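Next come two complexes built around subunit A: one with subunit B, the other with subunit C.
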Partner chain A sequence: MDKILLKKALPQWVKKLQTYRIYAPAKDEDIWTYEAVNTPEDIDLEFLITALSPKKIIFPQREVYFEFNKDDNDNPDIKETIPEDEPTIVFGVRPCDAKALTLTDLVFGGDFEDVYYWKRRNQTILVGLACNTPPSTNCFCLSVEGSPHSKEGLDILLTDLGDKYYVESLTKNGVKLLNLAKNLFTPPKAGDKKDLQKIHAESEKKIKKQIKNLKKVPPKLKGMWDSSFWDEEAMSCLRCGICTYMCPTCHCFDINDEVHSHTPLTGKRIRTWDTCQFPDFTMHSSGHNPRPDKASRLRQRIMHKFQYFVERYQNYQCTGCGRCITNCPVGIDIIEVLDKVRDYGP
Partner chain B sequence: MVNVEDLRKEAKRILKEGKVKYVIGYERGQNGLMPKPAFIKDPEDVDRLIWNPTCVHNLTKFLVDEKKRKAGEKKPDERPVGIVVKGCDSRAIIVLLQEKYINREDVHILGISCEQTGVIDEKKLANKLKGKKAENIELDEKGNFVISVQGGTIKVPAEELLAERCLECRANYPVVYDLLLGDKTKKKVEEPFKSLEKMESLSEKERWAFWTEQLAKCIRCYACRSVCPMCYCDECVVDTINFAVTADTTASEKAGKIKWVEKSPVPSENFVYHMVRAMHLAGRCIDCGECERVCPLDIPLRFLNKKLEKEAKELFGYDAGFDPDEPSLVSSFKDEDPEDFIR
Partner chain C sequence: MDHNTYIPKLAKIIEIKEEVSGARAIKTFRTQFLEDNGFSHRSGQCAMLSVFGKGEAMISISSSPLEKDYLQFSILKMGRVTSALHETQVGDIIGIRGPYGNSFPIDKWKGKNLIFIGGGIGLAPLWSVLNTALGKKQDFGNLSLFYGARTSKDVVFKQELEELKNKMTVHLSIDVEEPDWKEYVGFVPLNILDKKPSPKNSITITCGPPIMIKFVIQNLQALGFKDEQIYTTVENKMKCGIGKCGRCNIGMHYVCKDGPVYSWAELKNLPQEY
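After this line comes the complex of A and B, so read on.
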């Protein structure tokens, strides 16, 4: 269902959605983050790319699995802590970030459904915004089977047509949000549809970065496990977690018990983000570490995204948002690494 | 004036003569104007080396890496590594020498004076460029940065682009080196702790509110720790398991590892992490500003370290990273040390 919404009517639409918890991009000094919208008038979709993707809303950095304690008779008592019912809308989702959620869906779905993830995922509606101009100089979505106006994973896609948005509702939930403020939306005119197609076509041309022949990378990686290539590439790596924590598709986590009191025993079992870039990620209790150096950890990041994930799920585990490139303190550029892998050896 | 050719010539010489294993310097990055660390092994590659006001990184962290790498090798190459340092970076080497983490003969220092300027702040530059792409940046005689962009140039007074630390720098040329490029002209800095004034004027309550808001943003990627040359511990309090584990470590020793900080990125734990780091850097931090530069969420970490630098100066007359023969602040005692704050 395609509609037109005047930009100035956006706050009125948001006002009609007050039964939902609403997130939208907000600027904090030099960076954009998703913040709760408390007053509909504050909503502003003139933003670039957020520091962290909406992954942090669906898969928060800290999740409480359950609370535990022992009662007076020393019997264990465990209390389930499934996320509360809290219907949520995220405005201003970039197509790459929405696509990323379809990839984490694969990981947290399948044979074993992660109840925490899916509780949040199923109650969150994603309102996307097409990237008429690339929000970052490091965008490369076209190279990884994405596009600046991709609808994948979104419930609604907005495209900026100057003083109005072209609104494409893509799911039942999307239609539901439009129906909550029916009088604000008008049918598109023939010219609007034309403008939309033109803007979408132009937006693709504006993306400067690309990886050529990425298809050659996964088979190439298979033969590069022992290559000294990784030592060279990882020389400048600092072993921080930026590339993976900022990544919209990285999903690894750690589980710890946080004990608040020993007598009587009370505490919580907590899931937090973890990253293959930390040395303790693979450290065994014996003291052996199968990924002992930076080279093996960089190899893991690249192989997971461009070989293992491709084999397992027939998708690259990367949506071309460019955050890992922008934020790497030492300029490690995943595009450059993949170019070198593709051209490596015979 | 620094001529990059002199740097390349010396790098070529020491590589050719086999005096060093490799040279750590700066090279052009893939990503616009900002450079990236370069590791040059082949004397024929020295032309990759660059020097300009975008060379922000403190490369001395790679000396820590080198030492750790060597420790894992059965027959390590004992030759030194060559490294390009600015004034601030050279002071990090002094601290590593003072603490006997590295030896002087482990490192061949190619020092470069920032002369009258310093390095630029990438975020300040981005704000000036307003989406334009910078191709080159140079300093003119009048103290302006001249930025070449497509179809013209932008002229900006140096102070508006320099990194905050450079505006308060007390060592704009290297204090230890094997080769020095550029003049040892001292830049005049009248108020080395000016940036702290605003924070110091706040009440305790306001400061608490400020830091609560700032540290709530922390995602514990530990980039601030990872980039810091002073954070060289084999085992850090925030790591979840004990890196000092060997085959002889007993199960009860492993189980008895104290958990100082939970992994949850909640304000209480984030505070512990950043406070522990700040305290461990007191009298050691040389204000290279890297922790703040690398933070992906823009937490103003430099305030914490600058404050402790000021305390060390005011209470003990101590300046970190100037004299390799002076004992480090926390491992020395003088009769005249103040003790009125001990309660």
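After this line comes the complex of A and C, so read on.
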């Protein structure tokens, strides 16, 4: 269902959605982040790429699995802490970040469904915004089977047509949100549709960064496990892990107990984001570490995204958002690494 | 709400046996769930054990699925959680979730000779499949065990091994000579070369330290065993147990979910990252 919404009517629409918890991009000093919206007038969709993707809303950096409580002679009491019912809307989701959630869906689904992830995922509606101009100089979505106007994973896609949005509702949930403020939406005119197509076509041309022939990378990686290539590429790595913490598709996590008191014993079992770039990630308690150096950890990051994930889930585990490039303190550029992999050897 | 695998089930420790003391202490724990929960495992699978306030550790289940009264774990004191487990007393409550991972394809081995090869605490994962095979002895050919430890004091399941000698061939070894030791002295891989088990209609199952496994496989190959006849288990650091937390992978395989049991024919084609 396609509609037109005047930009100035956006706050009125949002007001009709207030039974939901609403997130939207907000500027905090120099960075954009997704924050809860209190006043609809505050929603600003003229934003650049957010520091973190909306992954943090579905898969928060810290999740409590359960609380435990044990008095001296009693059995431990375990209280499962499933996220509360809280229907949620995220406004201003970039197409690359929506696609990233379709990839984390593959990980948290399957034969062991992760109830914490799915509780949040299933109650969250994603309202996307097409990227008329690349929100980051490091965008390369076209190279990883994405596009600046991709609808994948979204419930609604908005495209900025100047003083109005072209609104494409893509799912039942999307239609539901439009129906909550029917009078604000008008049918598109023939000219609107034309403008939309023109803007979408132009937006693709504005993306400057690309990886040519990425298809050649996964089979190439298969033969590069023992290569000294990784030592050279990882030489400048500081092991800070920001490439993975900022990544919308990275899903690795740790599980630990947090103790609040010892007698009686009370505490929580928590999941927190973790990263393959830290030595502890794979170190056995004996001290043995199958990935003992930064070369093996960079190799893991690249191979996970462009070989193992492809083999397991038939998708690249990358949506071309460019955050790992922008944020790397020493300028390790995944595009350059993949270019070199593609051209490596005979 | 769907089944939440992260929530451990409470279990009582009903028996603790000290196998090895000292710096590399090993204890065997028998546990019973407080409530029947349908937990049912296959030989080779692991379970995530919880000590509340300390965390979780993935431990292989050393009792056979044929044993219905308890779950058994033999645990080397090593990190935070295994050290806490060593502090527990009979009657204490721990958490157990699982079982996780694949298992030994014992149904495929019917009619074959089974040669179990263990080193150190590596006897624990073998113990489950060995006892399953013993419980269905008529289904298999000859059963035999090679087991080695650093010293006679490091031998686990001492009494059980003595009893086992009445039921199958047992080749014990220690690494360095001791006055009262009457059996083989030398590393497990060398004991294999010494006894020369026949590859004919045989399957070998080996668990132990990575360096032992490496040389056991080399020596089995020298004796004519094919890659498909050699099975082993892989161990990596694990947190979730269900292929999501991302740390135990070797290539595209998550050891917690797709492993820990591999034939050498499968394992040799994966990155040797364990």
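Here is the rule we use: the second predicted complex is superposed on the first by the 343 of 346 C-alpha atoms of A that agree within 3 Å, B and C clash if a C-alpha of one lies under 4 Å from a C-alpha of the other, contacts with A are read in each partner's own complex, and residues count from 1 in each chain.
Just so we're on the same page, a residue touches a chain if its C-beta (ideal position, glycine included) is under 8 Å from a C-beta of that chain, and two chains touch if they have at least 3 such contacts.
Computed from a prediction, not measured in an experiment: that's the story for all the values here.
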With the two structures laid over each other on chain A, which partner does A:Gly110 touch: subunit B (first), subunit C (second), both, or neither? second
Output check: A:Asp254 vs subunit B and subunit C. Expected answer is one of first, second, both, neither. What do you get? both
Touching A:Met235, do we find subunit B (first), subunit C (second), both, or neither? first
If you stack the two complexes on chain A, which partner ends up touching A:Met283: first (subunit B), second (subunit C), both, or neither? both
Partner chain(s) touched by A:Asn75 [first = subunit B, second = subunit C, both, neither]: second
Report, in rising order, the residues of subunit A that make contact with subunit B in one complex and with subunit C in the other. 254, 256, 274, 283, 285-286
Okay, in this complex, where on subunit A does subunit B touch? 28-31, 51-52, 61-62, 137-138, 235-236, 238-242, 245-246, 254, 256, 258, 270, 272-275, 278-280, 283, 285-287, 292-294, 325-327, 329-333, 335-336
If you look only at subunit C, which of its residues touch subunit A in the complex? 1-8, 10, 34, 50, 52-57, 78-80, 82, 93, 95, 210, 235-237, 239-240, 242-252, 271, 273-274
Contacting residues of subunit B [partner subunit A, same complex]: 29-32, 34-37, 39, 57, 61-62, 65, 69, 72, 123, 126-127, 133, 217, 219-223, 225-227, 239-241, 243, 245-247, 249, 254, 262-266, 290, 293-294, 296-298
Show which residues of subunit A lie in contact with subunit C when the two form their complex. 65-66, 68, 70, 75-76, 78, 80, 82, 107-108, 110, 112-116, 118, 225, 251-257, 259, 262, 265, 267, 269, 274, 276, 281-286, 288, 290-291, 296, 300, 303-304, 307-309, 311-312
